[in-house]
Amino acid sequence: MLYREALNRAIDECMAVDSTVVMLGEDVGLYGGSYRVSEGLVAKYGEKCLIDTPIAELSIVGNAVGMAIGGLRPIAEIMTANFALLAFDQIINHMSKYHYMSAGKITLPMVVRFPQGVSKQLAAQHSESYEQMLAAVPGLRVFAVSDVNYAYHALKKAILMDDPVVFIEHELLYNKKGDVDMNADLDPFKARIVKEGQDVTIVTYLKMVDDVMEMLPELEEQTGKSYEVIDLQSLNPIDYDTLKNSLEKTGRLVMVEEDHYMGGYGAQIVSWAAEKMFYALDAAPLRIAGKNVPIPYNRKRELASIPTPETIKEEIKAWGAENGL
Amino acid sequence: MLYREALNRAIDECMAVDSTVVMLGEDVGLYGGSYRVSEGLVAKYGEKCLIDTPIAELSIVGNAVGMAIGGLRPIAEIMTANFALLAFDQIINHMSKYHYMSAGKITLPMVVRFPQGVSKQLAAQHSESYEQMLAAVPGLRVFAVSDVNYAYHALKKAILMDDPVVFIEHELLYNKKGDVDMNADLDPFKARIVKEGQDVTIVTYLKMVDDVMEMLPELEEQTGKSYEVIDLQSLNPIDYDTLKNSLEKTGRLVMVEEDHYMGGYGAQIVSWAAEKMFYALDAAPLRIAGKNVPIPYNRKRELASIPTPETIKEEIKAWGAENGL
Amino acid sequence: MDKSIAEEIYALMVLGRKFEYAAKEHYMTGEISGFLHLDIGQEALSVAAMKAFDHGDVFTTYREHIMAMSRGIEPKAVMAELFGKSTGVSEGQGGSMHLFDPSHFFYGGDAIVGGHIPNAVGCAYARKFKESEHGVLVLFGDGASNSGAFFESLNIASTWKLPLLFLCENNQYAIGTKITRVAPFLEQRKKAEPYMRTMEVDGNDALAVYECIKEAQEYISKGHGPVFVEAMTYRYEGHSVSDAATYRSAEELEIWKHKDPIAQLKSVLQDRFELSSSDLDEIDKKAQETVDEAVTFAQESPEAGVETLYDHLFKEVNHVVS
Amino acid sequence: MDKSIAEEIYALMVLGRKFEYAAKEHYMTGEISGFLHLDIGQEALSVAAMKAFDHGDVFTTYREHIMAMSRGIEPKAVMAELFGKSTGVSEGQGGSMHLFDPSHFFYGGDAIVGGHIPNAVGCAYARKFKESEHGVLVLFGDGASNSGAFFESLNIASTWKLPLLFLCENNQYAIGTKITRVAPFLEQRKKAEPYMRTMEVDGNDALAVYECIKEAQEYISKGHGPVFVEAMTYRYEGHSVSDAATYRSAEELEIWKHKDPIAQLKSVLQDRFELSSSDLDEIDKKAQETVDEAVTFAQESPEAGVETLYDHLFKEVNHVVS
């Protein structure tokens, strides 16, 4: 099934088992969601559970917080990451803090979902990534799942658990195909080893997992080395154990992310490795990330502003050569 | 003069030389600003230039963007960092992007200022720091100046230059005393070496500079080592050259920041050092940062959630001992 | 209006005022810290609205001690919260601005101006969804009535016909800024007129507030959608205890002190309900005792230790810790 | 109404529609990408408003090709922008949604619904500050009329008495959602009534739009403060070219096609101003030529190279680069 179908399935099943699960957002009801994630659900659960909202992102998240206080399990959909900025007050000042500030008296079982990243020429106001901001907020759990099967299980977990979750998707993943095993017992808080390897650990997440896997056969062939690829899945908390085990084996770290280099999420991973794994590292780590520019409309420039399979491969090769790999 | 007086002086002088400089925000006019930064200015320049706004942060920044388009040089004041979240759409989707998206046709000579950080028991919705989010936005310049003299010069530069600037202050710095040399020719884009040293480079900024300097004599005495303290001042761009020179000399890096450890701004500095200075480092770097919790009201817990001179000193000593300093 | 209700409201108003003065006193000693927003002068509104709105959820702002107590939260637990003690209503995590008690359906103390209004809208949606008897009351100031969060909420609550009572406490000032300098008119209810029924009430007249909120509660509970009540009032103290309030004239303050809500209700109790001065003294005395007890309780209570700093960060404990 | 103005408006409407169809065609070939929002069916409003508002700044949305051309920006420069070429009005950095040209006082193409309205408010403040002749026009949709940014702007523009013309293009849909499902009423001008004068106009009647905007422009330029104009209209195409618009009935679309703005103005030109069919054919022909030239120009123009990726990130070049 497609990635978006897996998300749809997860929401559908949660609504079936728990009548307090509702979803709200722009065009999520009759229209079925702008990326078709909620397609068909309004016919099954009605407009009471699939709530078309005005274009008012602050309220979408703010209302979801209130619904959770009132005993529902809301899933708030924001059409695109850039619009989530309008809801940052509600996400950061309210959703992330009420449980702690109330000493646990208020519980917010809710999810905020949105797609992010560079799709195709949507320009600067529709192409950004905000995991570096949201994963840094205490009191939130942040998922960014690349695998279709894990996406299904992670979203179910996010909806049915009692803590507030930000669930980040990528516009280019919605039509990705994959098998979903509904009975699998998966832990979305654990990082996923996509491919085992001996010489270098590549840490990445979301759409970059696919870009890394795309160039990997060539990279391995051209360098004669073997690379371990880790998909973080949960950006907060970070499964440091899995990273540690891998780095102890390889001694070399490459971090790949789509977002801008300056202050990007990967800085946390690399700085952690420098602090806690310094003596296990055999070489300087490498961060591959987007350029520090707003995303241009022109396709060539757009592609030049983010990592692609080709540039990832070339950067790793150059780094390997410089660092005695 | 006091830090807040230095800021006042900078604004005053800019308004005196350029009649297009205006300041807007809640209580900035008749009240003189909640931290008294604009005190007395309305009497000199009138309500046309000191604009009291409604409580509508999105509009405060959004209006400032439009004022800049219309030929003014607005300074937008947000009372506290947490409220700036309401304006993140305008800061990130508009202020940072119009110049680039328009291929330079639109210019936004504007400043957004706000204080941040833990003051005294203001609780979770009034105590946060957002430099990690804003310094990561391409198209913005971000200052966070600790020194009174530099604060004066940096704010003048920010107001009179043509690029959009986020100017971050700290609630506990406003009453800090210092001398201002109006004729000095200072470059606020350069990091400031607060104290020279040989064995360890401590990188920090804003209020933590003072906390580091407070414990430094004891630390040096107790460890018998000499520490170089660097105040970043400009968080974007980063003056990597100054850091590089220092690390080449000391081979050891400690990064101190008040914000939460997870994804904090310091991760960028440490990850950069790991990437670019790896072979110059003699030991694992250390990041000292706040705990990953919203800031509690209770004073003891509040203090336990952020670095203090005492904990900074103890963490550095323990790290030094573990890393053969 | 029942005598016993009037008396109960009066007793809470007296308690409230004494509580606020005690809080101020212990702020000066340093036992209380942070921002402390006193409700003195506005007791009629805070108490009578809570008493009238007897079934439903309440969302309010950082100026909420008296509302919390009127909802039934123990004065001790409120004072201990101000002292940052673990016996406080939010165990010292929140302080004066953040008093949460779902067992009293009280979600009080949001410190983001306007930020709690969308939360109240969502809660009203949940109540309607569950076909509950509960409606929701959301209190906010004249300053909050300029925020995007407020405006979006008027529109949404009206579209969804929610059982939501918007209660605007118009004390004419947002910190140092007079409302008429940052809005085109004094009466904030005009903003709600395109969307819903509006009502106005003298916020210093406790019994009028009581009747008005009762009527509004009945209206929303009948499924007519939201309603907007505006109450004019005035705070005697500065915005918070660190504000000297030099932006207002002494005359303006005097005018309002002549309309003092406690004095007004006192006359009514004496004239209409024939309470004797010894009855009134008794109320006073009991209030003072309660406040003194609350202070002693707060002083003697323990602080939460720093070893539990990570408690309540999440409800579900995860095996992977960041 | 002057004949030459009516003719000019008609010519631009015809040009606009042909331009939009050409853009759609070249989207299908892949030469244009991203989001492409067509203005077909709404040409009367887009053209006549721009022609009437002849001195002042214009802030608008992502559905702005026709407005940009009506403001005087070359069709070539607009088409080249859609193609992502360096000869485009934003040098290919912005694309269809971001056409900026301060030399024509056109700040068009914000892709954050409602996000440009506070910018327009600020610009109007600057114009008033400088005692300029300029007022500001801000165009937005029915969907944007639910956003906090919009509501805050009504309040602020009214408080500051700014020379700002709010122009609501009510085409009844925000992507797939009918406005009456997410607002309590169809007429969005009701939201502005507490704050300012409101006017309504048939958005498909170009001459009526022209007269109305002229009147509104005069009103704001006289210092009366802001004004709100609502124009009802309808888009024939989906929200963007990737939307099949299955949420509307064929009948509804038909009803609106009977009120086609170009056909309406054509009759007026024939009946009232006695244009011959050869005059009209000539206009058609010229429009087609202009569009064809624009496409050829766009196709033949160069793309900006990736080596200039960092150009225009900042205006002031700093010695320290991040």
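Should a chain be cited, it is by its letter among A, B, C and D, assigned in written order, with residues numbered from 1 in that chain.
Assume contacts are C-beta pairs under 8 Å (C-beta built on N, C-alpha and C of every residue); 3 or more make two chains touch, one makes a residue touch a chain.
Note that the structure is predicted; figures quoted are calculated from it, not measured.
Graph distance from subunit B to subunit C, where chains that touch are one step apart, equals 1. For the pairs A-C and A-D, the larger set of C-beta contacts lies at A-C. As a whole-number value, the distance joining the C-alpha centres of subunit C and subunit D reads 46 Å.
With each centre defined as the average position of its C-alpha atoms, the distance from subunit A to subunit C rounds to 40 Å.
Centroids of subunit A and subunit B (each the mean of its C-alpha atoms) stand 29 Å apart.
Computed centre separation for the pair subunit A/subunit D is 36 angstrom, with centres defined by C-alpha atoms. Multi-chain contact residues of subunit C (touching two or more other chains) are listed as 90, 92-94, 98, 110, 112, 146-149, 152, 155, 159, 181-183, 313, 322. Residue positions of subunit A touching 2 or more other chains: 53-54, 56, 58-59, 82-83, 86, 89, 93, 100-101, 123-125, 138-139, 236, 262, 292-294, 296. A complete topology is adopted by the chain contact network, contact being made between every pair of chains.
By the touch criterion stated above, subunit A contacts subunit C in their complex at residues 22, 48, 51, 53-54, 56, 58-59, 61-72, 74, 89-90, 93-94, 98-107, 138-139, 141, 161-163, 189-190, 234, 236-241.
Within the complex formed with subunit B, the subunit A residues making contact are 58, 82-83, 85-86, 88-89, 92-93, 96-97, 100-101, 123-125, 128, 132-133, 135-136, 138-139, 236, 260, 262-276, 278-279, 281, 283-287, 292-294, 296. If you check the complex, the residues on subunit C that touch subunit A are 57, 59, 90-94, 98, 100-102, 107, 110, 112, 115-127, 129-130, 148-149, 152-153, 155-156, 159, 311-316, 318-322.
On subunit C, the positions that touch subunit D within their shared complex are 146-149, 151-152, 155, 158-159, 181-185, 190-191, 193-195. Every residue of subunit C that touches subunit B in the complex is listed here, in rising order: 33-35, 84-85, 90, 92-95, 97-98, 110-114, 143-144, 146-148, 174-177, 181-183, 247, 303-306, 309-310, 313, 322.
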